Every structure is written in C-alpha cells, then in structure tokens.
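Both complexes shown next keep chain A, but they swap its partner, so chain B is in the first and chain C is in the second.
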Partner chain A sequence: MPIKILSVDDSRTIRLIVGRSLRPYDCILCEAANGEEGLVAAAREKPDIILLDVTMPVMDGVTMLTKLKEDPALKSIPVIMLTAESGRDNVIHIARLGVRDYLVKPFKEEQLIDKVGRIVQLKKKEVSAPVAAPVPAV
Partner chain B sequence: MQEGVNYQELSRRYGFAPKPESASRLTQLVSRQDSDLDEIAKVINKDPVLRKRLLRVANPDAENEIEYAVETVEDALMRNGMGCVLVLAMGTPLALALTKTFQTMLSLKLEMIDPSEAECLQGDHLLGTIHFSDKVEGEVYLRMNIASARAIAAGILGMSPEELTDTNEIKDAAGELLNIMTGNFKSNLCDAGLDCRLQPPEVKLSNNFHTPSVAGGGVERIALRAGKIHLFVDVTANPWND
Partner chain C sequence: MNVQTPSLDIRHYLTGHLVEVFETMLSMKVTPLTAGQPPVFIERVTGSVGFGGDTVTGAVYLHLSATFANRITTAMLGLPPDEAIGETEVNDVIGECTNMLAGGLKSTLCDRSYDCAVSTPATIRGTSFVIESPQDVQHELLIFDYDGVRFAVEVHIKFNQTN
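Up next, the complex of A and B:
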C-alpha cells in the first residue's frame, strides 16, 4: 500500500515542491490550501502523515492542528509543521499540541524526505511505475 | 509533550539553525522601551554591517559616504530614534532568510548591495506586500522586475523561465518568498516580546511604488543581487503600537 501524505499549504509553490520531493517515492499526495480544507481532507483521506503550514487564510495551521488533536478519529495522524515561523512561544505551543516534527522554510528537499522518512516508511517507486499526480483535497 | 519542555531542547530536536545574535540582541533592546541609547549604540558599533546600514538610513539624501552629514552611530540614533533601530533589527533576519532561500532553493548566492548600486525598476514590476500588526505594526515590500520574478519562480519550481508562462505561478512564488522572509523576522520580533500577526501576502504588478513614511517609526530599503536578479526589500515599522 502506498503511503498517503496530506500537504496543507496556501502556497501552490510549496505544494509543488512537496510533490516534486515525493515524486520518486511510492506515495499518494493529497493537497489542501488552508486548515479548513485540510480537516475535511484529513477526515476523508485518513492520511498516514500531514505536512502543515502555519500562516494560511480561512483557518491557520495552529487552529487546524488543535482541531485535529481534539478529534479521536484523527488525533493519531502524525503532523510535521512546514513553516517559516520558528518563534519560541509558537514552537513551544505547537510542540505541546503534539506535533511530531518541525521543518523551517526554506528547506532542502532532502531535509523534507529525511523528516517524513523518520515517521513513515518511504519506498522508492519501481523505475517503470507512472508518476501519480496529486489528488486535489476538496 | 511535557509541560517543562524548553525552546533550546526543541530547537535541537527539530534542527533549527541558530539565529543572528546581534539582530536578536537589538530587537530585545528595542522592545524594552526604556533601553539606553548607549547600550544600543554598543551593539550596532560591534557589527560593521548594522553600522553601515544605520548610517545609510540616517543620511537618506547622501549618494555616498563622503556626503554623510550624520557620521556616528550615536548621532544617528539621536536623530532617528528607536523606530529606525527596529527596522535595522528586522532587516537582518529578512535579508538572511532571502539569502538562505536563494542558496537552498535556487543554489544562487544572493548578496546585499548598496541600494544606489542596484538597477532601478522601470515600468511594470512585481510588488509583494505583507502587513504585520499588533505590538509592532508595519509593512514589508518585496520588489523585482518581471524577468527576475520569472527566473526565481522557475528556479524554485525546477523549470526553465521559458516554460513558465502562468503569471499566477510567478506571483505565488514571489508571495512564498515574502512569506519565508517575514516568517523569519516575525520569529525574531516575537522572541523579543514584540508579538505581531502577519497578513497573507498580496502580490501585484505595479509601476509607481513609493515607500510610505511612518510617523514615529522607521523605514529602510535593502537591495540584493544574484547575477542579473535584483531585489528590493523595503521595511516600514512602528514599534510600541500599543
């Protein structure tokens, strides 16, 4: 079974970079552009891991993380924060909410793969396998 | 997660890069409101880049250092006040975040240059703006010509500039560049007790940008260059907005 990864970021650029980083691996990438869409996608797709931005319109990443951890069906999904914000209080607050890891932007693609690979088992695709396009979340 | 967890432990666990010490120290001093100007002057005098930038801000009409009417850090602080120190402190993490982004995502070496050495932006260019507010209020503007914006977006997305025809993708990449810059400087402000919230970036085409003046605050223009790519960052800030 391929790993299912949900990328929640309002920036299409970051979602494209995440998609490009994960392309060599056997995984299904779902996308959402804000926390509200992210919660809907998490409930529907039951991803193995969520990559979550902080500053987003409609619902920010901290609110989404809080709601995710309050939901018994979703709270065990590991979350990596993917954000440019690494201020002390914010990081401590997010850590207390139960985030698994934190990657500060800008990041190298290898750093992302390394952090994801520590939580879920990423397997390289077989060479002949077709490249899967991201699944829009909503 | 244990209640007693501290930031140093988390920084190690998450692999955060250390923050620039002089900028952090300066932001902490500005945030105190009762800080001694001598103490601030000492921090700035120890950092040649900060000193150069402060004197440039204090002599906005001078074309070069020979024309400077304000020649010492102490005079510059007396004349320009704390608002200008804050924009200096903010400019450092902004420029570092941009430099690191170029290095990490584009494998390009971005260097800070004197704004008078940078090519002026003529005609339509890309203007990105992020507004921040709370204990400190202001704006960060990122400007570049269309060719630079296209080259940056293409580099980030792993395409050639010719392949990139969607203006929205160019704008989105510029917006993300702004997000990364301001996220880093927001962390610096919040760590010093100057909490602020960021608005999502707004990116549009413009042909007549003027940095707004800020009563009681500070304004700084930073120019950066990587080959043919020229970027301008303008920062306005008004501390102690409460």
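Up next, the complex of A and C:
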C-alpha cells in the first residue's frame, strides 16, 4: 500500500521539489497551498505524514498545526515542518506544538527523504516488468 | 527598554547564506564580489520579503536580470535550460529564493533578541525602477557573479533604539 504524503506550501516550487524527491518511491502525494486547504485535505485524505510550511497566506503553518492537534481524528498524523526560519526560539516554539521533525530551507532532496524515511517506511517503486500477453481463458 | 546594537555583520551573514542557498537548491557556485559597480539590467526581476517587529524592521530584495531569473527557475525545477517557462513559475522560484534569504536573516535576528516576523514573498518586474529607503535606514548592497552574470541582494534594515 503506497504511503500518502500531504505537502502544504504556498510555493508551487517547493511542492514540485517535494514531488520530484518522492518520485522514486511508492507514495501518493497530495498538495495544498495554505493551512486552510491543508486542514481540508488532511481530513479528506488522512495522509500518513504531512510536510508543512510555516509562512503562508490565509492560514500559516503554525495555526494549521495547532488546529490539527486539536482534532482527535487528525492529531496523530506526524508533521514535518519545512521552514526558512531556523532561529532557536522558532524551533522550540514549533517543537512544543508537537511536530515530529523540521527541515530548514534551503535543503537537499536527500535530507527530505531521510527525514520522511525516519517516520514512514519509504519503499522504492519496483521497475515494472514487461507485461505478458493475457492468457486466454480455456 | 534599552536595545543594544546587535553583534551581527549583515553583509557577512547574507553573503554566506546566499552562497548556501544557491549551492544547495540550484547547484550553482556563485562568487561574492567585494568591489565593482552594481549590475545594470535591461529587464529586471526583483524578489522581495519584508520583516518587522518591535525592535527591527526591513526588507530583503534579490535583483536579477530576467534572463538569469529564467535560468534559476529552470535549474530549481530541474527543467532543460531552454524550456519555455511562464512568469508565474519564475515569480514563484525567485520569491522562494528571497524567502530563504529573509528567513535566514530573520532567524539570526531573533536569536539576538530582535523578534520579528517575515512577510510572504512578492515579485516586482520592470525595466526601470529604484527602491529607495529613508535616510535613517541601514542600506546594504551585495553583488555576486555566476558564470559572468552579475546579480545583487539589497537589504534595508532599521533597528529601533528605544531608551
């Protein structure tokens, strides 16, 4: 069963990089462009893990995370924060809200895979074998 | 409240941070230029992110030629260099690069007790525009080179000294 990953970031660029990083793995990527859309997507898709940006319009990542943790149906979904802000107080603040990990931008794709792989089991997609001609029923 | 001037060399910090952002996200090794004229662009793309709090306010700008902005976009998105890309993609990539620069500066300021928040990025395009700041605002212009192409980072920052 593929891992379901929700990427919440207002930057399409970051969502594309996340998608490119995860392409070799057996997973389904869902996307949302702000915290409000992210909460709706989380409730609908029940992802195995959420990658969450901090600074976004409409609803920021900290507010989304707070609401997520208040929802009994969603609070157990592990969250990795993707943030351009590595300040000590910022990291302590988001850690207290219950994130499993955080990744500071700029980041290398291998770092993202490493962080995600520590929380969910990522499996490489199998190279599909040539499809055999269907055997006619006797 | 008496606010001390932070022990922060903004030029030094942002120079190192820009080199890191370009190398990590774009696999581009850029060279900081210590002297020389600011780059002149025929058509310019500028990413901007503001930051503000009780004790510090300012903005970070990333100035690029439109051609170089396109090149950065294809590199960031992993596209062939000659791939046709739209302004939306370029704006998003340049905004995100500027966001990473400003986010790093914000973190450094916050670690020195200058709490502030950053804005979401904006992108300005044009052939002739100047960004001006009031006289009491510290202004830094950093110039870089990549493969013979010059670009710049501009920072406006004001520490609000209250006694």
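The working rule: the second predicted complex is superposed on the first by the 128 of 138 C-alpha atoms of A that agree within 3 Å, B and C clash if a C-alpha of one lies under 4 Å from a C-alpha of the other, contacts with A are read in each partner's own complex, and residues count from 1 in each chain.
As a convention for this text, a residue touches a chain if its C-beta (ideal position, glycine included) is under 8 Å from a C-beta of that chain, and two chains touch if they have at least 3 such contacts.
All values reported here derive from a predicted model rather than from experimental measurement.
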- Task: Check chain A with both chain B and chain C modelled on it and let me know: fit or clash.
- Result: clash
- Message: Taking the superposition on A as described, I'd like to know which of chain B and chain C A:M56 touches: first, second, both or neither.
- Response: both
- Task: Considering only touches as defined above, state whether A:E126 meets chain B (first), chain C (second), both or neither.
- Result: neither
- Query: Who wins on chain A residues touched, chain B or chain C?
  - Reply: B
- Message: With both complexes overlaid on chain A, does A:I14 touch chain B (first), chain C (second), both or neither?
- Response: both
- Message: I'd like to know which partner A:F107 touches here: chain B for first, chain C for second, both or neither.
- Response: both
- Which parts of chain A are in contact with chain B and also with chain C? 10-14, 16-17, 20, 55-57, 83-90, 105-108
- Task: Could you please specify the touching residues of chain A with respect to chain B in the complex?
- Result: 10-14, 16-17, 20, 54-57, 83-92, 95-98, 101-108, 111
- Task: Could you please specify the touching residues of chain A with respect to chain C in the complex?
- Result: 10-14, 16-17, 20, 55-57, 83-90, 105-108
- Task: Please give the residue numbers of chain B that touch chain A in the complex, ascending.
- Result: 1, 3, 5-7, 10-11, 14-17, 97, 100-101, 104-105, 153, 156-158, 168-169, 172-173, 175-176, 179-184, 186-191, 198, 200
- Query: Inside the complex, what are the residues of chain C that reach chain A?
  - Reply: 20-21, 24-25, 76-78, 88-89, 92-93, 95-96, 99-100, 102-104, 106-111, 115, 118-120
